[in-house]
Each structure stands twice: as structure tokens, then as C-alpha cells.
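Each of the two complexes below includes subunit A, the first together with subunit B, the second together with subunit C.
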Partner chain A sequence: MLRSDTTGFTFGCLLPEPEVPLFGDFVKAPAQQGLTEIIGVIHNIVIEDDLFVRQLIAAPDLPDAYIQDQRRNRQIPIEVSVLSVGYSSGNTMIQGLPPQPPVTLDYIKRCSINDMIAFTDRQDYLALILNSKETPVDELIVAALQRASGARPIEDRALFLIQAGKELARLLSDDLSKLDSILRRIQVNT
Partner chain B sequence: MGLELNKLSEQVNKMGTTLASRSADIAARLPKARATLEKITNNDPILETKIERALSLHWTGAIPTSEPVHAVFPCPKHPERANIVAADGSQVYPDRHGIAMYYLINTGSIVFRYGLDEAPVCSSHPHLFYEDHDLYPNEALIPSFLVNARRDIAELRELAQIATREVKTAPTLLMLDNGLLLYLGLQTKEYRQSDEILSEYLETLSDIESTDACIAGVIDRPRTANVLRLLRLYDIDNATFDTDEIRTLGDYSQLTDRMLFSTLKPGERSAIFVNASPQNLGKYLSLGQKIMFYYVNAGTKEQPVILRIEIPEWVANQPEQLSLTHAGIVEQARFGNGFPYVLIRSHELAVVTWTERGHLEQMVAGSMRRSGISAVISRKAQGKQWTNSAKRRYGQ
Partner chain C sequence: MTIESELESIFPSNKDDPSNLGLRLGIIVGGSLSKGLTVKLDAGELPGSMIEQLAVGRYVVVQGLTERRFFCIVTDVSLEHTNPSIESNPPETTDIYTAEIYRSTLVYGRANVAPMLVLERDSEEPRPVKTIPAHFSVVSQANEEDVARVFGKADDDHFYIGNPIEMDQVPINVNLDRFIERSSGVFGKSGTGKSFITRTLLSGIVKSGKASCLIFDMHNDYGWAIKNEHGREYKGLQQLFDANRVNVITLDPETSQTRGNRHDGALHIPYDAIEPEDIAMLAGVLTLSEVQVNALYFLRRRLGRKWLRKLLSDDEHDQTELDEFIQQGDLIKGTLGAIQRKFEIFRHMGFLQTNVREDLVETLFQKLNSGISIVLEFGIYGDNLPAYMFVANYLTRRIHHRYVATKNKAFGHQGDEPNPLMIVIEEAHKFLDPEISQHTIFGTIARELRKYNVTLLVVDQRPSGIDDEVMSQIGTRVTCLLDNESDIRAVFSGVSGASALREVLARLDTQQQALIMGHAVPMPVVIRTRDYGPELYAEITGGESHDIQSDGEKVAQAKADLFG
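Up next, the complex of A and B:
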């Protein structure tokens, strides 16, 4: 973890890691010396500019070994920004901003399927995403709902998305075009 | 206050004009230098006598070998399979204003298996030095040139270890991002460590020789003028010249060997010369590690890049090893914009950034506090941290 505040945090990871984070993924970070775990949704992934790679692109007939070196060995940092949407304290999941941000150099983990199902059982976190100024919120909501839906058994997905749609309809009653844009993309068959 | 760039603009303009005029001046001296190089023939008894006399006067020129001094050699074919290895090192010097006295040497290495489409093997090894005998080898704080020399030995040892493993699979070229003549400052007599370090360095070179790998030190943008000193010596008519006459470059003043050999075509190398430095002809020669050098154009027709390549005599004497240094460096430079790719990567693996240095300081501070010792930086260092982090200027 590189930096944080109450509304979110940014962490770094290496490009060759097998589990490259995805936009809309749910992740968690420890806070308050392990008393709580902050739950967040990835809203931006930045791969920093690399002058070395730039000049290699211009090289003719680049052998595969050089490409492998760049992809597997080089520590090209990618910065991943996360929007905090809730936290867990003991066995309780709370949807809302955490009392404290995570501390730098803490390790960030991807949420397990059970974590995702438990956290998205209620839909209050959707309001936090909608109020965020960080990102195209409709894109983030679609991606997050797809992850949360995909974590559930097939037979539960339709009900989950219908409940999410109802909550969005309530929250976006004054912005029907945005609501329409989101609902079109969270069809049950996704 | 910081640097007020607006106050520098006039000086910068004048500097630009001066540099342009100096550059034209220097270029005008090049044709004569090249003409003299063409005139020198091998086995010239007069030049040989002059070289002998010059060596007795601690001359630091270039001694010709069996290759004609103006010869040019095209890039040989690269072996279909070879191991190209590079190691580099970086250091954190002891800081008397820091939280504790220590220094760090970090070596990075890369093994590039040419001919196999697989990712190279990379590694780095950090080593912290904090014991009294490390920090105060002569009852005084270790000077920076000794830290550098220890770093150079660490790089060479890393290469020796890798060579032992890699030579079993293919011809192996080891590369360093500097010359092979270890720089040991003024080598003042009070630093007996200089001798110990040089012996250790030369022993490691011998270890590499025994592995059958070859080694080359690569110097980018060399400022040396060893070959020009040879030209100067050739020009001197007075057979009883003294030190003053050979100390200067005469008509070749401010030229460099790099300029002299800038006519090399892409991939071509110059003849091989022996570095006549007293250090080389002293301990290096006596231990069978005499250092020789050549220049190579590792760039393109549009953007020539003249590198100075230093090799031990045992590499120069084995045609296959010599060819591998030449072809290996040119091939690697194709993907490093004129500088060997593996050297760029080994530097990247070795370098200690300011951020990493800050993290190391935090780790050291934590360890000290856990052991009940206070970890504070000096007042001066603290003041610098306050003022350097964000320069602000109000009023004025």
C-alpha cells in the first residue's frame, strides 16, 4: 500500500504477478492494527511510463528473450487505486467509510468469494460509489456488480441483480439516462 | 532561495557559444591526428625506443600490439548460442549525519542465454557493512574510494560465481560497466587496504580466467587519450624528451581517443592496444592480468556510439574469446540504443533509489529502537530534510 485516506487507498504491485488486479475487483486492506479490514473496489489502474520500454519498441526484430525479460523480470510498478466502500469488524460487515485508512506498506488482498457475497448482501455501498468523484461511476458500478454477481451461484444471480437494480433506481431517480445505461449492462445473463 | 534560473540565462547563452567555438577548434585538430595514426607502422624501432624511454617516465599512453594501429576489424559472427552475463553494483556510503554508521553494497546481475527464447535470470544481493573493521579499516572512517573498490570486487565475484555455473552450457561473456583497471584513488601509502583489495581483485580475475569464460569492461563515452599520447610520442623529434614533453598532448590537446576512432563504421572495432599505465604494467602484468583495450562502434551509421572495451591479455590472445567480446557487445547494444542491454538491466537491478534508501533507514531505525538505542539523525541532516522537501519562497 502506497498512500491512503478515508475515502480510498492506492497500492502498487508488479506487472508479472499472476493475479493482476482488475477494474471493479473487491479488495481488502488491514487497518487499526488488524482490528478492522477495509473493503474497497478498484477504480483505476495506472501503468507508469517507462523510457526503457519506449526505446525497445523502436528496436527492429526484437528477439523473444528481450520481451520475456521485460514482461517477467522487470519491476514495472502498476499503481492501483481503490475506493473504500466499507469495512469488516469481527464478523460484522459495515457499508460506509472506514474509521481509519490503512497504513502504508500494509499488504492488500483480493476479497474471497465468501467475503464478496457477505459484503454485497446489502446494497448501501452503491451510494458510496455513485457519490465518488474519482471515476466514471456507472462503469465502476457495472464492473463491481458483475464481480459480486459472478461470485454467487448461478441460481442466485438474477435475484441479486434485480435487488441491485431496484436500489439503483431509487438512488438515480433524478438521472434516468445514467440509470438506463447501467441497467442495460447488468442484465441477468451477464 | 534555491537556484534562480533567470540569473543564469546570460551565462548559459555565453556557454553555448563558447562550447560551439571550442568544438570547431577541436574538430580542426582531428585530421592531423588521423593522418599520424595512418603513418605509424608496426615494429618501428624508433617508436619502440621512444616507448621504452616514455615508460621509464611513467607515460600513460597506448602500446601497440601485433595488430597495425590503424587497422579496422568488422564485427564477427555472433555464436548461435552464448551466455551473456553482466553485473553491476551500487552503494550507500557511510553518513555521519545519519541515524547510524553503516554502508551498503548492492550487486545486481543478469544472465542472458543468447539463442534460447527464454527470460534471462536476474538476481540482486544486498550486503550491509556495520562492524568496526568494515567501517574503520585504518582507525579512520572508510573513504568512499575504498567502498567503491569493495563494490567493484563484489561485482567481479558475482561474475566469477555465475561463470563457474554458466560455462558448462555455452561460451560465456561476462561484462562490467566500467574499465578493468581498478581505481584506487591516490593509493596513498597509509591505505595498505589498497594493496589488499587490488590483490583480491586480481585473484578474482584469475578465477574467471580459469573458468574459460571471457570478460570485458565496457566504458561509454570514454574521455581517455592513450592512443593520442602514442601519436604525440611519435611526433616528438627529440630523442631525449623529458616528462613535461610527454605529459601534454601537444597538437592533440583536448582531443580524445573516442573522437579519433569516430570513423569506425557500425560494428567495427579498432586495433587492440596495451594500456601503459604503471598500475597495469606493474601488478596487473606480474600476475598475468595485463589489461588491453580497443574501441568499437556499437551504434548506427546515423548515431555512432564509440565504446572503449577493456579486456585482459588472456582474452585478447584467444581469437574465439576476443570475437565473443566484440560480437556480444555489438549485438547487445542493438537493443540498448548503443549500450549493451545487459548492462542497462544489471544497473537497474543494482541501483538503490532514494526511496529504497529511505525504507532501509526506517528498517535500521526500527531495529535500533527495538534494541533500546535512540535513532536520530544530526540536526544538520534534519534541517536539510525540512528545507529540501519543499522549497518555498514568500515575499522578496
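Up next, the complex of A and C:
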């Protein structure tokens, strides 16, 4: 955890990792001394440059083997930004901004399949995503729904996507072209 | 505490047995008492399908906030959306996903419902609405219990005449007391089932003994067996009731005989009993001018009781007598000629006779007053409108006169009052047209309500031809399909809030469906009229029926009664 505020947080990690974070993934971070767990969706991944990379790029005629070695073995720092969409408190999942952001240096985990299913059982988080300013909102929604739908058994997916679609339609009732483009991509991507 | 349970403690939801509620349809989103309520339909199990199941004319129940239940009738349905650009950019037909989502959110069905009755919290008896349900009250399909509660049970006073559309198990009953209390009407285009529903109603009234009926049966629809266009045979009233309840009198014994119709007597009218008033009403159909009508009164005055006979006579002596009026300048030759020409038609009325043994009017009055209904069969005269109108007018004037006298004599002594009488006429607009209804006996009867225990049952396919004033006195209106705008307007005249039902009326099936509204039903109702057939016969005749007395015997007995 590097930085955080009410609407989201940013954490860093090193590449490669066993689990590479992906755009649209659901993650969770502890807050309020472990009383709550904040749930968020990854909306931005930044690979930081550093001095060493700059030098490498500047150097002429680097042997290919060298570059491969760098890629495989060098620890590249990446910065992952998360949009907070809810939190869990005890056994209940709440969709909405958490009362407190996570504290720095806390450890961020990816949501388990069960967490994801439980959290996306209701669709109120879609409003939070739609309202966020900084992200490519449409893409993020499509990716998040793809993840949430993928977490479910195949027979449940259609119903889930219908419910999500209905919520989107309610939220975007006055922006039909946006709604239409999201719905179309949901169908293609999931 | 969850949010829901918190809300529940603040606003306890209705603890009514949920099984009591029919399928939920939607919620109230607007409207008014006068214009009806707007219902936003739920998307439903199969999104958007609700609208296809909600037929105009159906009943719905709105559960109000204050435990009032409002009974409403669906008057219109429409397709709505929340965003107009959906009309220009609808989802692709192949895009089932988007379409389903739209159908459950951005587009919706809307129903207009007219509130009719309200069932207050602890009351069993529904009352006419004076309030409307609050915003977002839940609307559900009326279930069979609801409808049954509104229309009550069939008993001695309530006669089963049909079922609401798609509720075959729920009987709709008309309150017979109220049906005969004021004049009633059966309307509808040709072939929509007027005669059948009239016959059903008549059988119920005769069975109840609440009134005698005097039926001017133009098309031989009510007396003896009737064949429909598919050759199926239906029983007439005479076959359902014994001679103590129904007698058939014919104007045309020959045809009745050859058709095998049994009758209990023939009607003859003596020329000398006819008064100008009996004919004045025919001015329209005979195209008599005012001058010519006035001449009739003159002739009656000068020629005495034999005036009509003399007018139609070929006898030279009579002709001279008439010519004298012309010479004296009392009559213009042209007028007399025109009258004589137009009166030719009376020569073809075989029931007009010089010598009639008995005063049938008095016999008929006695029968009607003692509870026997009379079907007057016209035979070949059915197609002769002047004959039909003449006879109906002739008899009604005299019988009404007898009723007035009897009623006045009774002077409040219940026991001496004449037995209620309902006079049934077809082609009623010819009798009740605004031009003449002021002066005719039928207009009088309709207007004086039941002052003298006489009311009308008018059967008509052109209600727009009936005087508005008369129409507004018609208490119960049974209306089959009508498609002419002015006819539709006419049947709703004077019915408050009924304009919402116009759509309902215009959408009736072409046969055997009717909208009933007014005095005899607690709220307007669209029914599929009860099959006129064995089941009804059995109910009317009380099971194995009157076969004990064969039809032949019955006729013999009636004849004996009638002609001594």
C-alpha cells in the first residue's frame, strides 16, 4: 500500500509475481485495524520507469539475451490503483465507500472467487464505478463484470449479466449511446 | 437490524393473507378519480410480457395504503419508455440481451384503470369510489374471490347471466329487482347476441316472478323454438315455462302453424277500437305530414268510431260521406287522397278485423297483472315495421292505461297494486326517436320511471337514434359490440366516468360478449354471456323440468285460459 483516500488506494508490487494484477480485478485491503476489509477494483496499472531502465534504453546494440535476462530476473516495480467500491464488515458486504481508507503498508489481496460472487451479488457498486472521474469507466465496467461473471458457474452467468445490465440501464437511462456500447461489449467479452 | 426490518417496524406492511392477492401487475403512478389511474406495469417474469396479458375490460385490485381495496377495470394499455431515443434506436432484433434489459428497465407497459368500487377496511360491502389509492399502491389482478364478492351470489334476486372474461368460474349476477325497477336496454350491432342475452334475461325475470313481461317479438325470437344460423335449435320461453307463466299470442296464426310454432291464441284488433293516437306515432314510418295527422283527428271526430273503416272502405256510401268534407272545405282533397294511399298498408294487416269477439286488451291486462308473461309473435308482420309499431303502440297505450288506473285505485295499498310489468320492444329507436318520444307512450313510460309499475326493456342496434332524455333514464345497459361512434356515445350518455369504458366496448368480441353497466350491477363488467342451452334450461325448469305437462297440453291449457 502506497497511498490511499476514501475513494481508492494505490499499492505497489514487483513484477514478476505469481499473480500479476489485472485491470478490472477485485482486490481487498484491510482497514480499521482489521475490522473491515475494503473491496476495490483495479482501474490503473503503472509500470514505473527507473534510472536503470533509462540507461538500458540509452545503451546502443544491447544483446537480445541481455534484455531477456533483464525482463525475467529484474524486479520491476509497478504501481496499481484501485477504486474502492465497498467493504465487508463481519459477514455482510456493503456496497459503497468505506468509512476509512486502508492504512499504508497494509497487505493487499486478490478477492477469492467466493468473495467476488458474494460481493457482486448486488449491483450497487456499478454506480460507484460510473461516477468515478479518473478511469476509463466503460472499460472498467466491462472488465469488472467479465471478472465477476467468470467467477460464477456457467449456468449462473447469463442471469448475472442480465441483472448487471438492468442496473446499468437504470443508471444510464439518459445516456443511451453509452449504455448501448457497454452492453454490446459485455456480450462480446463475456 | 437490517434496513428492511427497520422499515417494517416503522411502516408495518399489510399483513393481509398474501394468497388473497392475485398476480401482481404493477404500481399506481398517477391519475385521477375522473380520468382514471395510471399503472406502471411490472416487467414481469418474462420482461415486457405483462402488457400482452392485460386485456382491456379486465379487473384489477389496488391495495391502498389504508387497507382499502379498490376495484378497477382496465380501460386502456400502452407502451411507454423513459428515453425517447429508444424509439429511434431500438435494440437489434437479434440482440436478445439488450432487448431484455431494455424491456425490464427503460421501456414499460402502462395501463389505465378506472376505479369503480372500494372495499373499506372492515366492510364486506363494496361501495362506489370517492377516493383513489395513494401513489405506488400495488396493483394486482383481481382474483375470483374479489370478483365474486363484488357481484354477490346467485339467489332469488340475483340471476346469473355470464362470466367475466377469462374467469369462467366466477358468475356475474344481475340484481333482478333493480333490473326491472327502471327501464333497461340491450344494445349491440346486428348478430352480436342481443336476442340471446335478452332471452336469458327474460327467462330469469319470468322465473323470479318479479315482473310480467309483455314482449313484442318482432323476429319470433322469444316464444317458441329458435334456430340459429348454424341450424342449431334453442328453446323459446314457452318451452321453458308452463302456461301459468308464459303465453304466446300470435298475430299471424297461419305462419305460426306452418312453422310448427305453438301458440296460445291469436290477436285480433277491431278496426273500430283504433284511435288516431294509435297511428299518429307512425307518422315517421308512414311519412304522414302534420296536416295529415291533424286530419285523422278531424275524421275521428266527424266519422265516429268507424272512422278508419270508412277511410279504407271501397263502399260508395262511405266515399260520398268523405267527399262531403271536401266539398264543405273541411278537408283538402289531396290530404284525404294521401292518407288513403298511405293507409293502404292497413289493408294488409290481417289481424285488423271488423268484428272481434272479445276485448283482448282486458284479457292481456288480467294475465299480465296476474304474473303471466306474454310473447306477442308477429310472424310475417315482423318485417312490416308499421305493423309492428302499430300493434306495440296500440297495446301498450291501453295496457299502460289500465296500469295507471289500477295503480291510482290502489292508492298506496300494496296488495292492490298492479303486478310490475316490463314491456320489451325491438327496434326501439323507432319508438323513441327524439322527434316523437315526447308524445309517444314509450317515451312516457321511460320518463315516468316506475311510477305505475311499468318499465321498458329496449332492444336496439342503433342506440344513437334514441332520444337522449330517454336514454338517460335507462337504468341498466347491456351492450354488445357497437362500432359506430355515435352509438357508442349514446350508450354511455348520462353514465358518469364511463367514457373510460369506450375502449372496452369497442373491443368486445363480435358475439356473446357484453358490457353491463348501471343500476343492476355494482360496477360495469364485461362478460361472456352465459350459454343459452341445456344448462340454463335445467336451471330455469328446475332440473327434470316441466315435461310432466307436455307442450301440447300446455298449449291447450293456455288456449282454454285465454278464450274460455
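General remarks:
FYI, the second predicted complex is superposed on the first by the 169 of 190 C-alpha atoms of A that agree within 3 Å, B and C clash if a C-alpha of one lies under 4 Å from a C-alpha of the other, contacts with A are read in each partner's own complex, and residues count from 1 in each chain.
The criterion applied here is as follows: a residue touches a chain if its C-beta (ideal position, glycine included) is under 8 Å from a C-beta of that chain, and two chains touch if they have at least 3 such contacts.
On a predicted model such as this, the values are computed, not experimentally measured, just so you know.
Once chain A of one complex is fitted onto chain A of the other, the partner contacts of A:D64 are limited to subunit B, with no touch recorded for subunit C.
Of the two partner chains, subunit C is the only one touched by A:R184; subunit B is not.
Contact with neither subunit B nor subunit C is seen for A:D121 once the two complexes are overlaid on the shared chain.
By the document's definition of touching, of the two partners only subunit B reaches A:F52; subunit C does not.
Of the two partner chains, subunit C is the only one touched by A:D174; subunit B is not.
With both structures placed on the common chain, the touch criterion links A:I162 to subunit C but leaves subunit B unconnected.
Counting contacts by the rule stated earlier, no residue of subunit A appears in both its interface with subunit B and its interface with subunit C.
Residue ranges of subunit B in contact with subunit A, taken from their complex: 110, 112-114, 116-120, 122, 334-335, 337, 341, 344-345, 348.
Chain contact summary for the complex, subunit A toward subunit C: residues 161-162, 165-166, 168-170, 173-174, 176-177, 180, 183-184, 186-187. Put simply, subunit A touches subunit B in their complex at residues 52, 55-56, 59, 62-66, 68-69, 71-74.
Listing the residues of subunit C that touch subunit A in their complex gives 82-83, 85-86, 89, 91, 95, 97-98, 100-102, 104-106.
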